[in-house]
Amino acid sequence: MTRPLILDPDRLFPADPGTRAIARALYADIAALPIVSPHGHTDPTWFAYDAPWDNATDLLLAPDHYLYRMLFSQGIPLDALGVPDRNGPPATDPRAAWKLFAANQHLFRGTPSRIWLDHVLSVVFGLDVALDADSADTIFDAIGEKLATPAFRPRALFDRFNIELLATTEGAHEDLDHHAAIRASGWNRRVVTTYRPDAVIDPEHQDFATAMARFAALTGEDVYDWRGYLAAHRKRRADFRAAGATATDHGHPTAATANLSAGESERLFRQIVTGNWSPADAELFRAQMLTELAAMSVEDGMVMQIHPGSCRNHNEALHASHGRDKGADIPTRTDYVHALKPLLDKFGNEPRLSIILFTLDESSYARELAPLAGHYPCLKLGPSWWFHDSPEGMRRFREMTTETAGFYNTVGFNDDTRAFLSIPARHDVARRIDCGFLARLVAEHRLADWEAAELAHQLTYGLVKKAYKLDDPAFSPAALAA
Amino acid sequence: MTRPLILDPDRLFPADPGTRAIARALYADIAALPIVSPHGHTDPTWFAYDAPWDNATDLLLAPDHYLYRMLFSQGIPLDALGVPDRNGPPATDPRAAWKLFAANQHLFRGTPSRIWLDHVLSVVFGLDVALDADSADTIFDAIGEKLATPAFRPRALFDRFNIELLATTEGAHEDLDHHAAIRASGWNRRVVTTYRPDAVIDPEHQDFATAMARFAALTGEDVYDWRGYLAAHRKRRADFRAAGATATDHGHPTAATANLSAGESERLFRQIVTGNWSPADAELFRAQMLTELAAMSVEDGMVMQIHPGSCRNHNEALHASHGRDKGADIPTRTDYVHALKPLLDKFGNEPRLSIILFTLDESSYARELAPLAGHYPCLKLGPSWWFHDSPEGMRRFREMTTETAGFYNTVGFNDDTRAFLSIPARHDVARRIDCGFLARLVAEHRLADWEAAELAHQLTYGLVKKAYKLDDPAFSPAALAA
Amino acid sequence: MTRPLILDPDRLFPADPGTRAIARALYADIAALPIVSPHGHTDPTWFAYDAPWDNATDLLLAPDHYLYRMLFSQGIPLDALGVPDRNGPPATDPRAAWKLFAANQHLFRGTPSRIWLDHVLSVVFGLDVALDADSADTIFDAIGEKLATPAFRPRALFDRFNIELLATTEGAHEDLDHHAAIRASGWNRRVVTTYRPDAVIDPEHQDFATAMARFAALTGEDVYDWRGYLAAHRKRRADFRAAGATATDHGHPTAATANLSAGESERLFRQIVTGNWSPADAELFRAQMLTELAAMSVEDGMVMQIHPGSCRNHNEALHASHGRDKGADIPTRTDYVHALKPLLDKFGNEPRLSIILFTLDESSYARELAPLAGHYPCLKLGPSWWFHDSPEGMRRFREMTTETAGFYNTVGFNDDTRAFLSIPARHDVARRIDCGFLARLVAEHRLADWEAAELAHQLTYGLVKKAYKLDDPAFSPAALAA
């Protein structure tokens, strides 16, 4: 039996009819605003070469750890879902993988993955039948047919999604050829990069050695010398700014920062590059580097994004067989107050510095992050992130941060996704939840309706452009050329 | 002045009329489902010998630390409430104790104890007057009269409560005679046991020495030798399975697990049994034993329940005078991500292993437990527990776990109670709150109504039977005999 | 364009119409009850000398770190807002500061500061125009004119606010001359003090040395000798009781308590007063002093307030330039279960002891504080505090503490403020949120309407008077004189 797939126009709004009516009116005003996506992980080759995607499994399922981790948790092997292991994609038939996924849709009830997938099927692909075991084949075919048409190429979807800006993330050790290809192609949409130097900062990163070698090759600096290493960062930051970057991105295990003297830093660096370090040295080096990078941001104006607290690759056997980013990263308790102090002691009141903080530990929202952002001029709060990029997660974020940090110390929504087709869905969820939250404040007479309307616009469009300096003349091509 | 005791049919449903109507419909469908109680602490002698209970105080008040701790917190001595101390029950008149309890009912406003007691008085005893100082005598008498009738014997209530399965908990060092008596009596209801070896695993447990001696006597093994000790566990697990057990239960101070070599384990065990250990050794031994017991579960299929994080017997003077389980256990911050890693490194992807995790630290729901259960095939989440076995506690559990772990990585409701008469009340609260949560998802168009109906059934009946392997042929009498 | 300033009579009540009607009825009953403010930081000179205030900026903005920290977080310098630095007030024109504040009102959307300020402007000053850039001048003038009239002197407002009792806070090293002046003036309202000895207990406090010198001078004791030091505390506690105090107040970095022998305490004290201590010694001394002060409370009956967990003066540069209490105190994770155990081991069951616990770490509400207060006779829970003194903060407090601790282990509302004019606003918010919470319990049939009405009265008026012993005959002038 097939069931209809219907996206209710009131979805995600509060149930109380009075509040819902307010939310609906707020949403109507901002629903069509362009998407600004300043923090994500899409593949720049899509936009550089505009090749068609193959099929539903390869596009939607096999690369999306939000989806396959849930099936894995119920005992379904990743191979059966088409997820690549360290030797590449398994020999699984994409259609069979899709059918297995379809037959287990009940596992996603109550999850944001379900909301996103429904949106992709309904809005992006125009399907009107819910995905389940019965409809799996038909839907697999329908998606495959659409993907073969020009309207479903990356660039066409970029325009259809009304994306004003899309940021990807590249490593300090990676070239920016695909971004250059985008610009060289004459396609004049704004796809920019973000500077993510983790692999050349974290000696515990499995790719540290090779990343350092490429870092050296790309910069021509002696990156095994402390001064050369810092110079290499500066060179690459300039390359990234030339490729549109306005921000850097730092995913450390903790939020630790340090404030070592130049001599201490140099001695520590020597230990790191000679392989003569303990885990505590690695932690201290990462900590010191956040402060060094903050110094560079004071110079060049790039916005820092710090998102600590994930225990990566928790499943040892899966990491051995399948590698990183396979749904086995687990959040941990994260301190900010003591961890950030060394950096803030040095740069906390610097008007040129702007740091956006993310967390996977919601207990820090009201206790640490909102008070910090509600005081320090350099700090802003990123949106509820990863596991908390969800209706309940977003509600908790607003409920626990707004009273202390206000709305204007937050930065709008980030989709943070590799799943390009889900970007409109994700932004739509955020817009609906924010409008619902604002509607409750109006219904409780804590905000006037015109203020809520202004805020809905800010949370959707205004704050993100300001926080990421997207219209900042300092990052204009002319300024960068100067 | 006496006040009527009325249980509103819409109690605990959300206030919004539209959402409430959905909740009411969902609840109507599942309200009459049998009770499956896979984790609790009732006394098996009740069902073995079916003796009548004496009076309201001895049955409802004196053994229930949920109730008397609240009165104690307001300065009322435990003796005055009939609570036994280390020398046995005090000389307090049960009627006087009941009147003191009745006169302080206001203390329970807003607590789940109030909801459960109202249900017991109204539904189980058929009373229509609220308990207070004025009605105390009448209610004491009414309960006493009823308890003297056959309809209020344990087995009659078991049937009236529509209990399909009830699990008790026995120690590894305790005999299973009462369970044998139940089966020998020809009463063919399903009362099963659960293997709880804490007292022979935790050298800091006050009964460790005597428990070990009984463990030896019951198994005929040299339990002071590492191999004999493990063999004794295996023997007793077989005994417990023969008495219906499908699960084990582990209440350690923390969730720490370890992964020592055989040699290290043996050396540590020798320290433990020779009394030559530090608190850190005790912690390491408990940690290693969770991994050893996981290995046994891989062999015999028994489901592990791990519920760490209670600081037992916090009130030193009360512990000295009254002993354990007197309402003075206080939850503590609990880590799971690092604590469970050694065990998960070894067995995390084992299809035969099933571990149900509980917590007293709600900050771990969204941060640690849901991501772990949403990834590892062997992990499931137990319901909100103990202090969080309450309407708000259950709501927070669903709000903070569902988006990441889904519903199908949870295991339905556990009443975890010694208070037999409150079992229907406790399950009813869970059913109502779950239906209310599902109703909100339907009202917000995050779930179709037919999906919510399916889920209401799963959360009430389906998931618990699967998670605890209650219909698993491997645990059938025939299989066990083989 | 000016906008009207309207306080909706239903503000802060739940949006659901049925629940709102219940809340409205509960609130109507208690809205006019007198204000009892047992914990705050107003300036006693106001009531001693009844001098008029100068202008809106000096009264409302420059001393209120809730307000200026938010502006500072957006890059506005404190000088421009009239905030004094270590050299005194800046040369900023108060009107210019006010206009800058007015032009940035959008920053306060969704914050309690906004609610309080609207209330002050509307109810206290009778203004009907919202504060913004356009209305700033007019409002500054209107406030200035009113402040020059007798009706806006401190004592007149005290009466108009219907304050039954107001507690200030003085240090152990401070004289009580202003309180004496209040009594000597014949103005017979109840303004009392609170004993706050942090500066003579915490060797890490910047004023420790000078505070100890004044402590010696005020008591005539040898405060550098352990016995003299304790005697000085006893003397000053008696002075404070004579000035109306019924409570002490302790704002330590953590909740640590200790239980040293007399000899250990004396040795530690000698280290402290000879400057021969480490941070760990300082922590241990503060910990031991909480236990010593508990012993004194057992003697003299004074209620202890413990509110740990703030990392003071986090912004080093701002502390250097502007000093303490400038909006740069940031909460930290706080343990209670292990921290309080030494004190509770000694005095936990003492009927004479009463301790009110506060927290800045909401994760401790359900996990630690409610279970502790729901067991120990000496423990009660203070209201949601500081950053959590807000609508959402209060809701979370009730949702996370009530089910385990009940209502009767809480102590009503504390405004904890230096901002005298905001006191009615703050109490009004608490009353509305409590009525809204109770209304939800009634709407969900978890509480009868008459019980909710009784509770609304208790939460507003009854519990605070009992918890702070405000009507306790032991603290009557006659008893103190005896």
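Think of it as A, B and C in the order they're written, each chain with its own count starting at 1.
The definition used in the following text is that contacts are C-beta pairs under 8 Å (C-beta built on N, C-alpha and C of every residue); 3 or more make two chains touch, one makes a residue touch a chain.
None of these values were measured; they are calculated from a predicted model.
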item: Shared interface numbering between chain B and chain A [over half = same, under half = different]; value: different
item: Cα-superposition angle relating the copies chain C and chain B, to nearest 5°; value: 120
item: For chain A paired with chain B, centre-to-centre distance based on mean C-alpha positions, whole Å; value: 40
item: Residue numbers of chain A (touch at least two other chains); value: 14, 16, 363
item: Of all residues in chain C, those that touch chain B in their complex; value: 14, 16, 18-19, 335, 337-338, 341, 344-345, 348-349, 351, 363, 366-368, 370-377, 379, 399-400, 402-409, 440-441, 443-448, 451, 454-455
item: Chain B residues within the chain C interface of the complex; value: 3, 7-8, 10-17, 69-70, 72-75, 106-112, 114-115, 311, 314-318, 327-333, 360-363, 387-388, 390-393
